[in-house]
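Note that the chains take the letters A, B, C and D in the order they are written out, and that residue 1 is the start of every chain.
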Amino acid sequence: MQIRLGYDLRFDVPAPTVMTTLLHVHPSRVPDLIEPDVLQVDPAVSVESYLDLFGNRATRLQLPAGTIRLQTQALIADGGALDARDPTAVQHAAHELPPEVLRYLMPSRYCEVDLLAPIALDLFGNTEPGWPRVEAICKWVHERVSFSYATARPTRGALDVFTERVGVCRDFQHLAITFCRCLNIPARYAAGYLGDIGVPAAPYPMDFSAWFEVYLGGRWWSCDARHNARRIGRVLMATGLDATDAAITTTFGAATLTHFEVTSDAVPDSLAVSA
Amino acid sequence: MQIRLGYDLRFDVPAPTVMTTLLHVHPSRVPDLIEPDVLQVDPAVSVESYLDLFGNRATRLQLPAGTIRLQTQALIADGGALDARDPTAVQHAAHELPPEVLRYLMPSRYCEVDLLAPIALDLFGNTEPGWPRVEAICKWVHERVSFSYATARPTRGALDVFTERVGVCRDFQHLAITFCRCLNIPARYAAGYLGDIGVPAAPYPMDFSAWFEVYLGGRWWSCDARHNARRIGRVLMATGLDATDAAITTTFGAATLTHFEVTSDAVPDSLAVSA
Amino acid sequence: MQIRLGYDLRFDVPAPTVMTTLLHVHPSRVPDLIEPDVLQVDPAVSVESYLDLFGNRATRLQLPAGTIRLQTQALIADGGALDARDPTAVQHAAHELPPEVLRYLMPSRYCEVDLLAPIALDLFGNTEPGWPRVEAICKWVHERVSFSYATARPTRGALDVFTERVGVCRDFQHLAITFCRCLNIPARYAAGYLGDIGVPAAPYPMDFSAWFEVYLGGRWWSCDARHNARRIGRVLMATGLDATDAAITTTFGAATLTHFEVTSDAVPDSLAVSA
Amino acid sequence: MQIRLGYDLRFDVPAPTVMTTLLHVHPSRVPDLIEPDVLQVDPAVSVESYLDLFGNRATRLQLPAGTIRLQTQALIADGGALDARDPTAVQHAAHELPPEVLRYLMPSRYCEVDLLAPIALDLFGNTEPGWPRVEAICKWVHERVSFSYATARPTRGALDVFTERVGVCRDFQHLAITFCRCLNIPARYAAGYLGDIGVPAAPYPMDFSAWFEVYLGGRWWSCDARHNARRIGRVLMATGLDATDAAITTTFGAATLTHFEVTSDAVPDSLAVSA
């Protein structure tokens, strides 16, 4: 299977400013790109590309005042399978984890491990370690938290989600990540193209999406406490400690998003071949 | 000038566990070591050394049950000067900062930039950017927050420090770091040997200490909102987003600290030479 | 001047439940009623009337399942003057305050006096006590907090308002009340008919409104940190520690508000006479 | 049985100030007083006595600079029985509660009912209403929260207790009160003489104590989430929404407590008769 990816973002920028973006597929998916995801900026501006602290491909743009448009069109090969799952993947003891994974056991801005540790132990301390524990966490968060765009706020951390029981995508993942870390399962935030592949079309426009990853059995696995269902066709763009590290765009000044379009369409192999 | 560094830590460990440490001088200070800071562990255990996400030299130890002792003795060359200061060091615009510095403008667990931004603007928005702004922040935190061991708690973030106006070392630095980031000055947490060099002896036993660093004029500078005074003889061990990343020891299980001794003594050059 | 007051509220109630209301004018305004504000409930239900802890005229209704309608029509005499103001009204020392006023110096759910005391002192400690201090507080809150229905949430306390700088009516008043109490000025929450008298019509439907009262010079005065302007024709319904005590309706079970209409219209005296 | 009650408090007062106290037995216990609990103030000062908003007997003192001493000695009759208990006392529906009890279902400063409601439902929603539910709450709080003087802080609310799992007397009661209110059981804070009667002597000096009361089966009952055990000889001094309303002394200025002694000793009836 192949997936046609793309976005078309437009901003009104009242005064020259700087923007950083995470608008590329994650380096781990670059080998799958059939057509590269070139970031087209209109008007042309100075673009600096770099790997950020978490290994994501980031860019920094110097934006002039006016209208700015960021676009890409890319084609990526995808196995077309549901999110990988292995109930036998073990939960590692702290001495078995690769050192670079240890940081994902610790607190971060929206994942207050120190505040939620006793709660996590109360709720999930009796579940079987590893995969069943992660599934219990995703199920709990999915069932107990209600989705609500109207209540979104950028300052909401996992403890707020736990008490308010409402949230948007990122809030679900923050709470699940925090519970995992509290129970010594490394967990990190993930952002990317979610795809509508294999599921009914969502009743709202396609957006970038947040999910999370856990480290079990020697590798990272995609999880999603918002939907609590496996998906076909996730394409990772960025990972980090929490939403702080995975903002698709960050502007150091005023900028108003005026247009937002994301596409992620499965292309049957037959069509792809003939193309 | 030379400084004799050392520590002697002992723990009671009821059951085998894993500990990570940041007990080495920071890689940036390794060239100054005259005698290396070998981490001696008694009894001998498996020790794994690695650089963590923030570039600190970390170790992971597998501790058996019983008493564990961690020691070092090292000698380091030091210019013997007060913390560097340059009032002309400029505050960089976002496009001028090295990409790896950008993360230090963002929120972290104990530095809730998103919550304190309007407050920082109220308090310091009219100060002159750059060095004077950092000094105004350090002065404010130093004068408005009272030191109090008795009220220490591991969950206190910068907003708590701002409302409660009490704290220990780390709390002072967290509030100052947050204010700096709110005003677009990159700031990171620092831990190390503080030294009592050139200041009256403290009325309590020597400890590792926390300070912070700001990025101005193309480099990082040491600042200290707890003491708000320049020091001689700081020796950096670790930096990170906040105290989460700079814990001297982190244990994945029970361990009781039973002995704690840190030394950091100036050795006059004459003596050093004759040695 | 006379004011015609009224409301027409309808609820869908899925199962029998209990509702308490504060749908009467405050006992202090009862002498001004020309036509009484009879609470009409349709269908007729058991209605119990009582004075609550704060001296408000409250009712408790046992609601059957179905549609419930609460209405009143009343006529009240009003001086037609702007909110009273006396810049010479003094701030009382604690020993001069009537004992029943002392509670309005203390913290309540949405007015965290204990958390905001140092902040209040920083911001307003140098203002002249009494009236000028209250005006400085109202001005600050009015100018620094933005009105936003979209961000309303029932759990937002004064500290949240201070950090987020957005809110609805009640949030503005909570922050101002808290600042007043921090500086030893008794302050309480107030709810009632605001009236559009003497001001341009609001761009949204008439609603009940929140303001607050301060105790200076031996009496309570109406203040409004949301609008920071004096009004004609406020008609008080309830006061209390904060919004907890002044909810117009509280339901002990499910009930959906389906219709909401409040009227508060000035009736010229000539018309009133001929009526 | 009779109980000899008393206290001896001394304060250093640097400048004239005002103090309010709740240093009398609660009006509900006045009929039991054999010797009245006269508040002796040395030096003699102006003392004003009044009932506060919650029906407690309060006093307001104008203190001169210098040393101030507050004392009483009283004798009270007591049934000598353990705290009353009636497992059949029913939980009332909202329409059955006396109106003056309704306020004790709502949030207050340290009892954030709005934040803890879903948590309370998770934890206790399946317990049997009424007495068993209250007992389940007391047991949970008693077992999951650790007593710690060292961590006391005046700003800690019920949610903080729930996340931190440590506290002093008041913190245990705040969390239990909040859970009760979340589940529609009226609950209020109580302070008074605890007595060491019928229990081993505490390892620390006698203090006033905090407990709480729930309204079931038509009356208030004493509960204690700190000790989770019935006591002999509680003598109530004050009730209120939470600790805000039951502070034994509140000073509107500086005052240092220099001496603190509370006595509460059982006097066998034989001795009492002969006296």
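Keep in mind that, in the parts below, a residue touches a chain if its C-beta (ideal position, glycine included) is under 8 Å from a C-beta of that chain, and two chains touch if they have at least 3 such contacts.
If you're wondering where the values come from, they're calculated on a predicted model, not measured in any experiment.
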TODO: Based on which chains touch which, give the shortest step count from chain B to chain C.
DONE: 1
Task: Set of chains adjacent to chain A and to chain D - done: B, C
Task: Greatest separation from chain A - chain, by CA centre - done: D
- [ ] Please decide if copies chain A and chain B contact each other with the same set of residue positions, more than half shared, or with different positions, and reply same or different.
- [x] same
- [ ] Check B-D against C-D and say which one is joined by more contacting C-beta pairs.
- [x] C-D
TODO: State, to the nearest whole Å, the distance from the C-alpha centre of chain B to the C-alpha centre of chain D.
DONE: 44
Task: Chain centre separation in whole Å, for chain D relative to chain C (CA means) - done: 32
Task: Two or more partner chains touched - positions in chain D - done: 115, 155, 163-164
Task: Residues of chain C defined as touching chain D within the complex - done: 17-18, 20, 46, 48, 50, 52-53, 58, 60, 62, 93-95, 99-100, 102-103, 106-109, 111-112, 114-115, 154-155, 184, 244-245, 252
Open item on the list: Looking at the complex, which residues from chain D come into contact with chain B?
Closed with: 150-151, 153, 155, 163-164
- [ ] Could you please specify the touching residues of chain A with respect to chain D in the complex?
- [x] 115-116, 118-119, 122, 144, 159, 162-165
